[in-house]
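Note that subunit A is present in both complexes that follow, paired respectively with subunit B and with subunit C.
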Partner chain A sequence: MSAAFSRPRAGGGGFGQLLRAEWIKFKSVRGWVAAMAAAALVAVLLGVLSASGDHASCSSGPVEVACPPPVVGPGGEAVDDKFYFVHRPLAGDGGITVRLTSMTGQIRKPDVTPGQRNVVAGVVPWAKAGVMIKESVEQGSAYAAVMMTGEHGVRMQHNFTHDVAGRPGGVSRESPRWLRLTRSGDILTGYESADGTTWTQIGTATLAGLPQTVQIGMFATSPGDLTVTRGDVGGSVAAVRFTEATGEFDQVDLQGDASGAWRDDDIGVTVAPDGSEHHPGRAGQSGGVFSVTGVGDIAPTIEGPTPERPLSSALTGLILVIVVAVMFITAEYRHGLIRTTLLAGPRRGRTLAAKALVLGVVTFAVALPATAITFTVGGRILRDNGNAVLPVSLLTQVRVVVGMAALFALAGVLALALGALLRRSVAAVVTAIALIVVPHVIATTSVLPDSAAQWLLRLTPAAGFAVRQSIPQYAHVLGHYAPIAGFYPLSPWAGLAVPAGYIALILGLAVLRLRRRDA
Partner chain B sequence: MREHLHAEWTKLRTLAGVGWLLLAMVVLTVAVSVAASAVVSCAPQGCGHDPAKISLFGVQVSQAVVAVLAVLVITDEYGTGMIRLTLTAMPHRTGVLAAKAIIVAGLTLITGSVAVLASALAARGVLLGNGFAAGTLNLISGPMVRAAVGSVLYLALIAMFSLGIATAVRDSATAIGVVLGLLYLFPALILMIADDGWQRLLWRLSPMNAGLAVQATTDLAGLPLSPWAGLSVLAAWATAALLGGGLLLRMRDA
Partner chain C sequence: MRATIEVSGLRKRFGPTLALDDMTFTVLPGQVTGFVGPNGAGKSTTMRVILGLDAADEGRALIGGRPYTSLRNPLTHVGALLDAGALQPSRTARNHLLWLAHSQGLDGRRVDEVLRQVGMQSAARRRAGGFSLGMRQRLGVAAALLGDPPVLMLDEPVNGLDPEGVVWMRGLLRSLAGEGRAVLVSSHLMSELEDTADHLVVVGKGRVIADTSVADLITTASRGQVTLRTTARSEAMSVLGHAGATTAVTDRDTIVVSRLPSERIVAVLTANGVPFSEVATHRVTLEQAYLDLTADAVEYRGTAR
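And then the complex of A and B:
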């Protein structure tokens, strides 16, 4: 006691003392500590509960079997690798040159008369036909390909996630497309030409560790046609319908040691329980003209159970955090404690900063174990229930877990700043919930169209939820990239920066107001 | 009862910010509905959007303002200690709560009618411009009238629900947290559960999902509950909250 009085300090002590004072205030209110613990508990329990209710199995005829694990590409991501491949082994360096003279196909549209298949002629935007060099005929093995697409012109793609654009436009007998792909060691180079004499390089791909003998040839594939409808109880239902694409190649010219015979392989074709192939591809050859028809896609998978799914429970915990955070400041006004606080720490901005820092750190410390447990245990349960959870890298997993804990902390500090600015608990709680929780709920569950939902998740602090998206959006894969399907309009860290920006603004206003006005 | 009503009306009239809250309720309903209508469009062969739901979309946001008003009516008295004076002057506690409920419900019904009518009219023009058929937007046809009247009743029931919870909880921040949590978290929870049976059960229990079924005019067969049955779910929540709040008010010290 005497020691404390014997060393009085000007200005009410350092920042450390302010922090300590705020920490003591926080921990001495049993209700706040309990509510924080409850926030973490509720988030974990709801997350684990929702995961345990989430069962999946795949039917194999009359019996239900566990779904096969997703095919994984060289980069570790889940991939679709399903196409028709007319190929030969190529030993060492070499290449292939072809002339693509047409690309046609069919698309199944939603039935107009029930029970009657409604199939129209056409190719979907990312239907692919072209030349490929692939490590082996194993699904998910390394590859590079130069191809013509339905609506995106010539492309060079490799290892599922890489895509380089060539010349746009279409293909016809009058204006055929010449495609060339060469291998030199680990380096594969793609070229295109309009006449077969002047060639333009599209790009190169380095496939490290490519074996001496690879498969070289022509392929075709066509992803399903995507239609999105709204579900009865909210959410959306994405349906994918059968499509196929056919490429016609002539002037096929192989360079290097590719002396074997042509082989046809329907890579990854779906086999029905009775052993028949479902929507098989096909190929034909007459007089040097090859016709290859394929169904499927060669691209990263974007649909499926994501590992962050159990973390949806975070919203519930967020409301509790918001209420505690607001009361942490408004209770001072209600009980008149603020006058004592400001007497003890007359530099008002610093006092408020200390309060915000303490609350942010406490929230983060409580939220981090909660998000980590929800993510790992929930993910484990999802897998045990037969869900083929999409694999993501360890770095992404850490980002999702830490990022969600950071979002909790940011939401808490934002609510505290609102409490300091408005000084009334109801107004602050409502504003905080309206800024953070409501936009996310409305954007992901309501009748709002996707574009409006995306704007909501760009402009409001709810943009921070972007940090939990683990499967990225790919420009070269057509998908239902909407908040309702778990895709956010901002990148993870840019999303988290939005609530941080709001905090800077509102905390600044609160400090101004605290300085100018009597408490 | 007349004195009770008079007393509560005087208190509410002089509560700071009530006028602003009512104004915010109307403005938010209209503005959000018009904004939602502006971003949807409909092809000539039809679209999956429900014109009634979109032209009354603002209710989903302005219900929060209604909740604030209803919560403040009671928690403000606890915050200032006024409640002790109120209960001394009017010892019949259920009567006090009933009077508060009547005043708040009346105010919400009047303001809600203005808000819903204005937003239906304003959104109608926008939706017509976006390709919606005029037939689906007829403001005097059965389903549309049901959606509009139902939305006004929905707002009044939200007020009763909030008042009941606030009476039970007594603290303003906690009360508004509980109310908004129950309203907005159910829709998110429903999407978290993958099982279809559970989804529909939760939907039937959710005050917001079931209650807003009264706004649906298309695809009624796909809904887990009929519009009026949905609204009665919210009515059950409101009754339970008011009864619980009233019981606690009688049993506890103020």
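And then the complex of A and C:
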């Protein structure tokens, strides 16, 4: 009897049908579409607004000028390139061998008597003294160097971001350290020795495109002393104070065509408003013994206006996304529509997955233009306002923009999963905000000690915010790597994996509950 | 697939209450099966178990021989109207049907067809939140018809309809059954099914009390009873009692006589000179038959709560 029907041609019953159904559900409720668009708009407007209010200026003598663009290293990143260099030109292949007999310095500590400088003898962990081959005396030019450090033994570093450890330990007149750096074409090789006869290779650096004539010589530099103290209301306060380091070299031996005279350059020295040099370095030579004193650092810059700064406004938009995402599922419970949904798709897991996927894709599609506009327009406004925004590679910019859109999507899906599990709008919205937004706010404002803030950003879904960190953390640069300074404890993708893990867990629980309990 | 609903041995307990107690019946194609019983008899629970929304503790429920959750594009196998109010208020009628259609691989043309079928073309682009109960019922029916399923299941579809709507619904149910579909319609009022149902599954206390055609139910309930109209009521009762009959007074001049065929009644009354004006086979109304069947169940519920 039933064969008599002219049944409408139905689809194959695949997942795609459920996706289309959920998409129609979403777009057919005007309030949700409007709120999602509002989330994007709010994120953009607040981002642009905050960038507009962010001005910076620098002084050149008595005149106020736009801040100079940051010095950029061969890798494209902003770098500090400030040291005292005693050098000669080297034509073609060659090298330098020295014996470092001492490394001393001074550190300014917090004033004990107000107004009276409190300077003590000593070297900071990453004070550097050693030999260098550098493309030119231009800041940011390519280089490789073999050096003694304050507390990290001998290192070979090149082009700011690369660091290879040699033998640890210190240096003294009784146990001097021999350092050697040679050039062969584009390849520079670093060696060290305890006695000047037995040499150990530390590493090599390939400096592509190194000119025929380079500068070779001895250098010293010393980054500011970083102290981090607990703030008055919690959190932490970082302060950096003046230090300098002095290296003493003898048995200086040059190989190759380095016949010119020694020249001294205080590369990158700060010029005070009155035209005098601020904390200049110095060098001296007597009887083949060179003493070089430097202030500064040769390292990637980790502080300054980051390009992701305008994206801080994302939080407000995120809250709207959370509300829409929760409503997308809890409205079905409120109106009893969940039964209709389960009649249409009786396999609970697939149906909920389709809903989550549609919300995630919709959120991503809305958030991506929003983060892209906020990032580019906000960044341009920051630069127009005189901020020396730290440059980052195009790949990093894309990762920050796409990653933040992905974080929006993940936050939305997590909120939806909570809505499916809790079945109550208010409870789900509050829980989602408490899991995603609140930990990030607490961790990045002056409330918690740094370590507690870092744990929050490892364990809660707010870890996903790590995806927007554009300036990496460097093991060979001492910095205040804390959430409050924009540094996250997890790498960008590992950070995003945390909310993804939460989604898997909560969505799984929601499906279990949907299967176990009557609808 | 076979256009059937097969329910066998369903048991389900909600806390201390046994909601379904060995519920067993089969719904056949080509007829409207009324699913009747007092409120709380387990009608809605049974329907939800059939549709895979509730899980039974024991027993099974099959649509065309397969459990609901294993059906591909289930709305093309069975259409159901459970709660007409289950709508997103801000979604239009058409969009409500459209997402359902797409979930089954159907398209907008089918949506327009069912909207026409239930007479809602003009309200297609209005938000469901503003619909009257009658319009929601029509929309619910449209959703049930969307997949053109051979099996239909409607929970109290007449509830809240105006007289015109009730007539429309009856006609629709009859024509759906006439097309060879299996149609199960629940109601707590037998009168609603009086002219609609061909077959009845009467339930009470979570189990089937009667599973019978409407004609058989009335015959069974009326069996052996004769209505006697007489001016001499007490004399008639006396002589008939001596002849072995059981009598019951139903009116001032009417008694119902059972356990004695009508020819014997006439003979006994004539022999004893008792006057009477009418002897007729007693025919109970469907409502009365139903009330007799479910009296026990209603009583139970009344004291249990």
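General remarks:
By definition in this document, the second predicted complex is superposed on the first by the 494 of 519 C-alpha atoms of A that agree within 3 Å, B and C clash if a C-alpha of one lies under 4 Å from a C-alpha of the other, contacts with A are read in each partner's own complex, and residues count from 1 in each chain.
By definition in this document, a residue touches a chain if its C-beta (ideal position, glycine included) is under 8 Å from a C-beta of that chain, and two chains touch if they have at least 3 such contacts.
Please read all numbers here as calculations on a predicted model, not as lab measurements.
When both complexes are overlaid on chain A, the residue A:Ala43 reaches neither subunit B nor subunit C. Judged by the touch definition given at the top, the superposed model places A:Ile442 against subunit B, while subunit C stays out of reach. In the overlay built on the shared chain, the residue A:Thr316 is in contact with subunit B alone; subunit C does not reach it. Once chain A of one complex is fitted onto chain A of the other, the partner contacts of A:Pro346 are limited to subunit C, with no touch recorded for subunit B. In the superposition on chain A, A:Ala299 contacts neither subunit B nor subunit C.
By the touch rule above, subunit A contacts subunit B in their complex via residues 46, 50, 53-55, 229-230, 232-235, 309, 312-313, 315-316, 319-320, 322-323, 326-327, 330, 334, 424-430, 433-434, 437-438, 440-442, 444-449, 451-452. Every residue of subunit C that touches subunit A in the complex is listed here, in rising order: 1-3, 29-30, 48, 51-55, 64, 68-69, 71-76, 80, 82-83, 85-92, 95-96, 98-100, 102-106, 110, 143, 147-148, 150, 179-181.
Remark: subunit B residues 35-36, 39-40, 48-50, 53-54, 57, 60-61, 64-65, 67-68, 71-72, 75, 79, 171-174, 176-177, 180-181, 184-185, 187-195, 198-200, 203, 209, 219, 222-224 touch subunit A in the complex. Within the complex formed with subunit C, the subunit A residues making contact are 1-2, 4-14, 17-18, 20-22, 24-25, 28-31, 331-332, 335-337, 339-340, 342-347, 518-519.
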